[in-house]
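What follows is a single structure, written as structure tokens, with notes after it.
Labels run A, B, C and D following the written order; every chain starts at residue 1.
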Amino acid sequence: MPTGLINDFFSRITDAGRSLIGPSAPDLTLLEEALELLGSIGEASSVARARIFLDRYLTASDADRRAFLVDAAERLGPDRAALETAMTRYQKSGSEADARALHFLSEPRSQELIRRLNRAPGGTRDLVAMRNDLLRWQRDEPSLKGLDEDFRHLLASWFNRGFLQIERIDWDTPASTLEKIIRYEAVHLISGWEDLRHRVGAPDRRLYAFFHPAFPGEPLIFVEVALTDRIPEAIGPILVTERPQVDPAQAKTAVFYSISNCQSGLRGINFGNFLIKQVVEELSREFPGLTTFVTLSPVPGLRDWAAGEAANPDGLLTEQQREAVAMLSPADLYMDVEAAAGAAETLGRIAARYLVEAKRLDSLPIDPVARFHLGNGARLERVNLSADLSARGLSNAWGVMVNYLYDLDDIERNHEAYAKTGEVAHAPPVRRLLRQG
Amino acid sequence: MPTGLINDFFSRITDAGRSLIGPSAPDLTLLEEALELLGSIGEASSVARARIFLDRYLTASDADRRAFLVDAAERLGPDRAALETAMTRYQKSGSEADARALHFLSEPRSQELIRRLNRAPGGTRDLVAMRNDLLRWQRDEPSLKGLDEDFRHLLASWFNRGFLQIERIDWDTPASTLEKIIRYEAVHLISGWEDLRHRVGAPDRRLYAFFHPAFPGEPLIFVEVALTDRIPEAIGPILVTERPQVDPAQAKTAVFYSISNCQSGLRGINFGNFLIKQVVEELSREFPGLTTFVTLSPVPGLRDWAAGEAANPDGLLTEQQREAVAMLSPADLYMDVEAAAGAAETLGRIAARYLVEAKRLDSLPIDPVARFHLGNGARLERVNLSADLSARGLSNAWGVMVNYLYDLDDIERNHEAYAKTGEVAHAPPVRRLLRQG
Amino acid sequence: MPTGLINDFFSRITDAGRSLIGPSAPDLTLLEEALELLGSIGEASSVARARIFLDRYLTASDADRRAFLVDAAERLGPDRAALETAMTRYQKSGSEADARALHFLSEPRSQELIRRLNRAPGGTRDLVAMRNDLLRWQRDEPSLKGLDEDFRHLLASWFNRGFLQIERIDWDTPASTLEKIIRYEAVHLISGWEDLRHRVGAPDRRLYAFFHPAFPGEPLIFVEVALTDRIPEAIGPILVTERPQVDPAQAKTAVFYSISNCQSGLRGINFGNFLIKQVVEELSREFPGLTTFVTLSPVPGLRDWAAGEAANPDGLLTEQQREAVAMLSPADLYMDVEAAAGAAETLGRIAARYLVEAKRLDSLPIDPVARFHLGNGARLERVNLSADLSARGLSNAWGVMVNYLYDLDDIERNHEAYAKTGEVAHAPPVRRLLRQG
Amino acid sequence: MPTGLINDFFSRITDAGRSLIGPSAPDLTLLEEALELLGSIGEASSVARARIFLDRYLTASDADRRAFLVDAAERLGPDRAALETAMTRYQKSGSEADARALHFLSEPRSQELIRRLNRAPGGTRDLVAMRNDLLRWQRDEPSLKGLDEDFRHLLASWFNRGFLQIERIDWDTPASTLEKIIRYEAVHLISGWEDLRHRVGAPDRRLYAFFHPAFPGEPLIFVEVALTDRIPEAIGPILVTERPQVDPAQAKTAVFYSISNCQSGLRGINFGNFLIKQVVEELSREFPGLTTFVTLSPVPGLRDWAAGEAANPDGLLTEQQREAVAMLSPADLYMDVEAAAGAAETLGRIAARYLVEAKRLDSLPIDPVARFHLGNGARLERVNLSADLSARGLSNAWGVMVNYLYDLDDIERNHEAYAKTGEVAHAPPVRRLLRQG
């Protein structure tokens, strides 16, 4: 039975429920609506109330939505009376059973709310949108963190890896899905249908995405792959549509040149790790000649970090490097070619230092793209200068891009070292850069 | 990408992980294996360990499996130190944040174990099998209840209604799925492929099932439907394959004559309610002439209950009814036709009393089939004598069957009254039986 | 087994055959290659030769292709000796058996050639391309007519109606098929993907196409439909993407506003008739509120005909009409608005006369679009002035478009009258125009 | 659009046509109905008449159907007047154009009738049934041969190889298709669903079938394959379900142990040749370890031929062989074991002689199974005694079966030699048998 039909069913049951519970009371706040929903015991009326709540939420003003989320965070926590009783009982008995019971009795009511909302037709999709709000406002409203824990916990459960379906996207994919690829590509923008056709349809290009049964036709994350004869040094030759094509059967290298998350409301629920590994497996099987799996990745935080570090004599950069940073304002970069060329020599060293040594308090790298690939067990393979000459590439990282290498024999070991100590696996060329600087 | 391919990926990633962690140590107990799994931090090695654990579990002896489950229940509860800290912090601050934190910090480690096992290829299926063990042994091992809470909680989340797919099963369904229908039919056995063909392929018969994306080709629950011209009084004429067929476009009544749960490891996670309502919707749409949706259901607990009640002068039965019960031993039933006929007159009254008035401590009906349909909001419509003359029908209920009526206009009200007070909705013919008795 | 796989098989068998027959002899003419193919008796070698021949044909120069077709027409006719024998035998016996035998023995060898070519992988498609050549050159090479008879005969057999599959094209259709719709739309050009999305995806727009199993993903013909509240008077409001949309459930009228044949090599093998009727059926079923099925069609031959007729005092036009035609040069049309307005009054009458009364020698209408719809049994419903202000619309027909009405109750009668006598069914408004003129 | 929907369309258009032409006249003969159909010019009425005719034909008595076929053969030949004119014109001009025209003008009207019937919903299927009648009665009614030529010609065109789809049949195939496999297996009967499951579902068994788009769900021909480690000597070990299974990745040999045509009305339109070659390709690709593709085939005509030959001192058998045949009556075969054993020694030689040397007038082998495989280019590889101990095997061929070997490198050469001179390719073991005898 096609999904459309199922949603149809849902809708009609929802309608049935709607007629049972009568007209909704427009003067209720969202929180009051939510409490009604938590109190309803009939199946159909509960589904109908969930749908009504979601409709109201989605059309409410920013202020009302935000107020509701704060209310829910602050007032739909655990049932205090039940919690106290459970604690008392556990403290008396110390038994395993009472310890376990404590967990269930302390469940925030917001979890039950989220579960009930998930039963509405289209509920999962709307909850992802709601979490998007939560993430946006969380910085200003610390109390939202507690509620976000509930969302994260339940979404991670519903979007667990076993339920994801990998699909190849190509020129035979429905246009309705392809237009989402155009919309969601966040790294190297797709300029239109011809550009897209090149990325999904050229014989030496591939695009794979994860889907979830509850989000039909809606990619969660996708990765774009170029099959090449060697590790690429720049993004331009990959993106250009007029170029010599590689016979995929002769290709030696698969380049992951763009990875885009599509659902910001699923932030923190990681699919990318597993997607890359599945694609490595799939490509290995289809093209036994492939020996190297590598990314061509931006270094989004390089320039901001270097600018800060340039002002810090006790930092990771040498004096010469700090001076180079000072010279590398965009104006210089274009106007004084010689000076820029001189500074560029040191750029590779700065980038290596940034990626391998610059760490956050939790001793993980500062660069978010680095954290993603290193966390997957990849190795920093090479630093490429003048690799991304787009406005963004220049402005974020003076055009620097790097390769992360996925070697299935090493990823587990790399991952463990990284997870335990923050150690950044890196290849000899990067080691040389570090030694030079 | 077909499911087979996905499992393939999983398997190869699992194999990769397997080679990383080396040969498994056969002298580890299942609990020790589980602790290794909880401690592993690499993705591939964790998936591989999960698969190794499940393979060992599935091939272990009953005694070892049971020992593991008891161990897990008793030793993989919440982290006590974390729990104590969280309690202290909450008791000091009383804050919402600390109340919410308490819930997350008190999570039994067995939940994380189950989640990790679910990531192995085929993990969901194996966890359902593991829960089946848990349910079998729970009666003798009360400590397993705590662990079962974890299973029930997570399985309910993974098998939530939004992820289920309804499908019509017919003679164009793959044989591999059809043979499972033969195997799982638990109410009115299917005698072979010809019988099956009649049940799924006759124009006035339908069969619908729920599926889950993680269990491809494996029905979770199914319902068999006969389209008839009136509410049926006996099961024989429905099951027989040589019979006059009803033109479905002329049918007035849809009879749910068999509902079978297929996965005993999913007990307590209810799909049936929703399945019936979806099928009502689907049939209404396809055959606008249908006006009545009704079951033909067994009364499995009638005879046991009546036997007990016959010995209880202060019970629900009248003296005459108690005498009738005494006469209705199977021997009599066949040998002394006249006496049996006399006793039979009172059978309907006894059955009505059993279904409407005999209650458990929680004030819900004793009969499990009654609890299911009444809990869905159905109404007890009619009591049918000599309706199921199979050995089981006679032995459980002297051949009595009943109809439960699903009226979409009433199910929500019936359900609420039932849920709040245990009130059993029943139709005038049943009311008359009660008055007579 | 997906089509790709089948073609794979074909290809490998072809390759096997290729190796059997050795390297092809590049000095053979196409006709000599064709004779080799007709002489080959092995299955694989015959398939291989067919593929080799087609590859050579497709890459040959225009001159060589044309020379081959003329050769084939002139030298691959019936086997004269066999024909003479069969004639003699028939003339002697006059028997039914000998009359029947005469037909089979007189089959042109070019038919066997075409059948053998059709067995090559992709053969059907290439034969359609070959027929396209044939049609192009036929005007200058009358001898090609005989060969075209063979093509038409066999293609009509292979593309018979029972093998065609109707499909709705929408925004969920593969992009590879959608781009062909953009390419093949011949009536009202599609300006790009956004325009296409409007035509296939807006709730009040539909597009249906016929496909053939041997041409996967390749439409043969398609029709575009607008659901409206009344019979439209101009094409602009239908094509514009920013417009009020009609709720399809409320629509009264389905407008076939564009019908495009996609394969010029299939000219003369009519699918359009049946496509329109199937779409009428499909839409009637989906939207029971539809009462009117009508086209909005160009009148491509109007202006040319009128220009000729203006010079003919004994023709179908009145003197006033002939003067109006003289005034309606494009320059006037824009520069002398008043005069044009005056002339325009008579335009409707001229158009009506053209469509209803102007006939070819076979007594069918001169206008090809009229022949198509009237031949399907439609009725000329209304003449619309200023209906197509595109350059083509103005240049072909001074902007005139007409509606043809498909009324399922009348099409059979209309069709028969038209087929027998060339009678053009027309509605009262058209009758009034004729009377006025 | 699913096939069901298309048929729906057809049906409704047919119904529309039916209402146009009014009630059918039950007193018309089938021939008169056919003439009405040939005379109708409306599309819908023509489709409706075609359907009406087919319905009448299918429900008519044998006598009426046979009378119609004879009438059609005798009275729906070429239009004599047109034929005469065409002949005169050709004889005068001798031109290529007139020779070609003669072919088209001499087309029997029965061809147009068949084409029109093919446009009715389900027409192709019914025409296949009609041809089945034709084949049955042809022996007694030689005049039917002419009509059969028309059927054969058009069916061969519609069932041309490019339109056939190969599909693997396995345990995931719809039951409705599987039951047809059970029904159509003509060589080694399938005893029920368990037997079927073994043949399609065991890892070392395969079943492939050809389908046609106009016969959805209906196999045209299928072949059963066993993957084994060596060329098999007997059918028993292949058919038995309890047996050691071969790991298909280790198999060396693919055995085609059963080939069944499903549609007797398509007799003479050969698919088997191509099916076997496609399956060879498919298996080679899936299991690169396969080196040998071989049949295990019955020798259905052996015993009848030998019985005749035993009475003919001037025939192909030696005196000793003729005596052995005389001893090998079934009674002896079981009752006098020793004598039978002695006679058996010569059986192999008799079989070799029968297959390699016994020829029809057209110099092709007498045995129909031999003609099929040798005509495909296979080689007679080995004679197996006591290979088929079923009643049929014993009664047709004293239990003898043979292997035909398909070697892709030789089939083209074998085929050509066979086609030209009837030469039977055979392997050294068969040559030895011939020399011994």
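Keep in mind that, in the parts below, a residue touches a chain if its C-beta (ideal position, glycine included) is under 8 Å from a C-beta of that chain, and two chains touch if they have at least 3 such contacts.
This is a predicted model, so every value here is computed, not measured.
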Query: Measuring between mean CA coordinates, which chain is farthest from subunit A?
result: D
Message: What's the distance between the Cα centroids of subunit B and subunit D, rounded to whole Å?
response: 51
Query: If you average the Cα atoms of subunit A and of subunit B to get two centres, how far apart are those centres in Å?
result: 38
Statement: Averaging C-alpha coordinates per chain, one finds the centres of subunit B and subunit C separated by a number of Å equal to 59
- line: Where subunit D touches two or more other chains at once, the residues are none
Message: Can you tell me, using the touch rule above, whether these chains form a line, ring, star, complete graph or other shape?
response: ring
Every chain pair meeting the contact rule: A-B, A-C, B-D, C-D
- request: In the complex, go through subunit C and note every residue touching subunit D.
  value: 1, 6, 9, 12-13, 16-17, 20, 41-45, 73-75, 77-78, 80, 83, 87, 91, 96-97, 99-104, 106-108, 115, 118-119, 123-124, 143, 145-146, 149-150, 153-154, 157-158, 160-163, 165-168, 213-214, 273-274, 277-278, 281-282, 376-377, 408, 411-413, 415-416, 419-420
Complex contact set, residues of subunit A against subunit C: 171-176, 178, 192-193, 197, 201, 217
